[in-house]
Amino acid sequence: MSAGSHKTYRIPIGPVHVGLKEPVTTWLDVDGERIVKATVRPGSIHRGIEWMARERNPIQVIYLAERICGICSFTHIVAFLRAVEDAAKIEVPIRAQYIRSLVLELERVHSHILWAGVACYTFGYDSAFNLGMLLREKVMDVLEALTGNRVNYGVGTVGGVRRDLTPRAAKAVREMIEFYRREFQTFLDVVTEDPIAKARMRNVGVLSQEDAVKYCALGPTARGSGLRVDLRHSSPYEAYGDLGVTPLVPQDYNGEVFGDVYDRFFVRVMEVIQSLELLEKIVDGIPEGPITWEPKLPKVLSALKAADGIGWGIIEGPRGDDTHVVKLTKGEENVTWWKVRAPTYANAVSWPLMFKDQEIADAPLIINSIDPCISCMERILVSDARAGRSEILTRARLVERCREKTRRLMGA
Amino acid sequence: MTCRPQYVQECKCPDEVMNCIRETLGECLLEMELRERMDGMPRRVLYRDLWIRLKRDGFLKLVDRLMEIDFLHFHVMSGNDDGDVVTLNLHCSLFREAGAGHRLGVTLSIPIPKDDLVFPSLSGRIPGTEYSEREMREMLGIHFEGLQNTDLLFLPENWDEEIKPWRRDETGPAPENIRELS
Amino acid sequence: MTDILTRLLSGTALLFLVLLLAILYDGVDRLVHARMQRRLGPPILQPFYDVMKLFVKENIVPRRAIAWVFNGAPLLAVTAVLMVFLYVPMGSLPPILSTGGDVILIVYLFALSAVAMVAGGFASGSPYANIGAQREMVLMMSYEVPLAIVVTTLAYFAYRSGIPGEPFNLTTFVAMPLWGVAGWMGVLGLAALFVSLMAVVPAEVGKVPMDIAEAKTEILEGLICEYSGRNLAMFKLTFALRNSAMCAVVVSLFFPWNIGSSLGLTGAWLLVADFLFFWLKVLLLQVFGVTLIRTAFGRFKIWQASQFYWVQVGGLALAGMILLSLDLLA
Amino acid sequence: MKLTRALEILPKSLWVFHCNSGSCNGCDIEIVATITPRYDIERFGMKLVGSPRHADVLLVTGPVTKYMTERLRRIYEQVPDPKVVIVVGNCGASGDVFYKSYSLDGPVDNIIPVDVYVHGCPPRPEAIIEGAAKAVLLLEKKREELLKAGASR
């Protein structure tokens, strides 16, 4: 290592990353293996979704909201729907609320297991990754049985849900709960008790409780820093008021809080087990009744056209609270404006703090630690100095270049 | 002002907060509404949202007052071009850690005249607002006084900074800036 | 003259065979790894396909790279490791260059190939490759210490306990297994040395948990990040060969027993049987020493790996040394 | 020609580099699902690699954002010949729900030449594997072209 000399150089992590506004390029100023400074630059996947929504009616926006992020798609839908229902004063039937909660919890299970697996993959623990992903297929099967899709389920609609919970699906959910109760402990043991895994995660990317408050951290990131914040507890929505969720913090289990990657990992893995309990309560307690406020779409649309006002929907997604704000104007079919705040948007502000004085080896892990979306693992790009080239490449030129290279290759 | 970076464990009732806001703002308060969010079985109030419309002059005073009650957790800023004014909404919450059903959502909605699009930055008080302020700057053209970092956040490096994507007037994206993919 | 010619011919043939075996063993490694992760895994010949494909792919030299170092490094790396096999006795087959070299030379050859890779990494002009090269260097400095302790202790022990032959030559160890010479303390010491040598293997071959220099998810394959086509193929060969070479050396040092003579074979059959048995031992060692370890653990950080080699493995090697010395005194 | 023999083996080894150019992540998790035990693409000799220099196939997801355009071109150039580009997901093929925006430059074939489209939002892992199988055939064809170009010289 460059001992003595303090020549720092910049390496980029990213820019390919995920979510609505969550994709991030992180420029790390590195001295040897140590990170001196981190600059975060999101925006590589800014698609202008909020702007697109201005030309669509709320029902159409649902499908746009679903594609903000493929992992927490249902979270975004429910947050959006709650905002619309708040603005239009629509009451959702109880059964629909339970089904929404059910899918939200299933999504949390799949998201957390995916994240835990990917985190293991990030520090080269492929076996745990494979084990995690193997376990995750079970919840994907249940989601498929319930909704017909593995990802982007399309079950939400204004005033309710589009798919009922059939007895068969309920049985599948119960089976899944049994399966995880049996099998998930192995994964937990493999990862939390592995010495290398622990060494890689402990005291890495620390976010103190004070900073977590100041930088408005959310979800498992905040809970990993010891804050008892969980919207399912502090402002219950849908069926969560009946389920009684308590925030899960590491100090209740381990006695102390480090606020590091391990704590965030621990919170997420334990939340899977918590979700299983919630799922059981939901399946047991789901009441009979209609699943939509109004099954006929034209009626819904006319009600939305007549609505006027701003609605705010905020729910606890797998990664933290997801905020949607919608303005509907009387006489206008389309959404006037719409604001989405995915959890990573808020959590990313605290990234530079976590990076300070860490090693490059930890950088992808730290990036991962707040964002359980599939990480930048295989998508870190090398950006080179040739970026300064001013020539604009057309597609024809590119093909030409490609052929040129071929000729060069064959000539050599 | 130094804020205490922790949440209170006990909440105040919404009426008390509302009185406090009324006192602090005086004539700067334009409108205040308390919404009760009902859900569950039996249907009952699960949490409350407070919607406040206020003048720009009373904004900092109110934030400081609310910070004395609890650390104001900042969610996001939203905004819209409403013709003569740009409306900026700050979505925050109080009593985040104060127990079941006690969180109080607070939305501060402030109209800013277009000929004077200046707003005080909160990033000194709540560092978590930095991204939102940068976003509002590039999307709506609001100048935040005291915001250190004014780099582009979401738009590409070669973006023409005169174009503000969310504006509906001549500074918004012109048809030639918009691409139809299919 | 004819001697040199036969050696040249047999050497080439042997190296070719070794190359094939090393690649095949890489396939076994991948298959076993996949099966242990409850996957079906690639076909056993997958590494052959990979390497052959890479040889016909385009070979890109980055503009900022120093071309001759960049292209020369893989060649040097692969040659250095291949050379190792010329000094390793395989079964009852004596090493091709038996007179010329000893264990110290083998250690140097390993180091040379590692240095070649580092040079290639530095020459590619990418920050990731740069970091990878730095890490490889640090790693090298860390694992060389236990390696040196093990090798010198064994040679010293062989010399003092009066085993005939050059103390540093591998043939010496093969001719007379040390386990039989040592007392109970010596056996303990040998076991300690064996374990510490096995701990060095993952670092030498660049596999998890010591694949720090090539970490895919951290620094994009690090060292070999900028390599493509032919050069990359040669690096892949280097990794496969290092794996087999390292295990072959360990087998020669610690498990030199042969099967042929006890089966009553003679002549060419003896050579063939011992040769196969030797490679079987190498395979077993590779599966247990490398594949199992890489399945069971995650990746170390560079300072954790350094610490591991300096403190734990180094300590174990020292303990082995002390035990063996005590055994000599007793 | 000896090279031809060697080339017959090529399709059995397919190294994939994955680039997200603005996708919603749905395709990306399905791509991850294909490398996990249930779908395990390694049994066909495919694997995800960390550097475009090692890749045979460039897998692109998402409608290309303006920020990513240049980067996508650069990655495309870094992939050594012969190479195949697969677009996974509807939005990379046509824009899909993101059909009109101020910050998109896509779809992908507007930026780089695309060989295989895998449709679906997101496509199932089986569909992605099928796309890869198509890519294998194309790769073979491209290699033959390469050979011809080499022979004519």
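We just call them A, B, C and D in the order they show up, numbering each chain from 1.
What we mean here is this: a residue touches a chain if its C-beta (ideal position, glycine included) is under 8 Å from a C-beta of that chain, and two chains touch if they have at least 3 such contacts.
On a predicted model such as this, the values are computed, not experimentally measured, just so you know.
Asks: Go through A-D and C-D and name the pair with more C-beta contacts between its chains.
Replies: Between C-D and A-D, contacts are more numerous in A-D.
Asks: Could you tell me which chain's Cα centre is nearest to the average position of every protein Cα atom shown?
Replies: A
Asks: With centres defined as the mean of C-alpha atoms, identify the chain lying farthest from subunit C.
Replies: With centres defined by C-alpha atoms, farthest from subunit C sits B.
Asks: Can you give the whole-Å distance between the Cα centres of subunit A and subunit B?
Replies: So the centroids are 23 Å from each other.
Asks: As a quick test, compute the distance in whole Å between the mean CA positions of subunit C and subunit D.
Replies: Result: the chain centres lie 36 Å from each other.
Asks: Using Cα averages as centroids, what's the distance between subunit B and subunit C in whole Å?
Replies: Going by mean C-alpha positions, subunit B sits 62 Å from subunit C.
Asks: Which positions in subunit B are in touch with at least two other chains?
Replies: 154-156, 165
Asks: Indicate the residues of subunit C shared as contacts by at least two other chains.
Replies: Correct list: 37-39, 58-59, 216-217, 220, 225-226.
Asks: Give the residues of subunit D touching no fewer than two other chains, as numbers and ranges.
Replies: Residues 37, 49-51, 63, 65, 67, 78, 81-82, 96, 98, 100-104.
Asks: Taking all chains into account, which pairs touch?
Replies: Those chain pairs which touch are A-B, A-C, A-D, B-D, C-D.
Asks: Give the list of subunit D residues in touch with subunit C in this complex.
Replies: Within the complex, subunit D touches subunit C at residues 3, 6-7, 9-10, 12-13, 15, 37, 40, 42-45, 49-51, 53-54, 56, 78, 80-82, 143.
Asks: Spell out the residues on subunit C that touch subunit A in their complex, using ranges where they run on.
Replies: 36-39, 58-59, 62-64, 126-128, 130-131, 134-135, 138, 208-209, 211-212, 215-220, 225-226, 295-304
Asks: Using the touch rule from the top, collect the residues of subunit D that touch subunit B in their complex.
Replies: Counting only subunit D, the residues touching subunit B are 63, 65-67, 94-96, 98-107.
Asks: Which subunit A residues qualify as touching subunit B in the complex?
Replies: 21, 41-43, 46, 48, 50-51, 86, 91-92, 94, 97, 209-211, 213-217, 227-229, 231, 233-242, 244, 287, 310, 312, 314, 321, 323, 325, 327, 336-337, 339, 341, 345-346, 348-350
Asks: Where on subunit C does subunit D make contact in their complex?
Replies: 30, 34, 37-43, 46, 48-50, 52-53, 55-60, 216-217, 220-221, 224-229, 232
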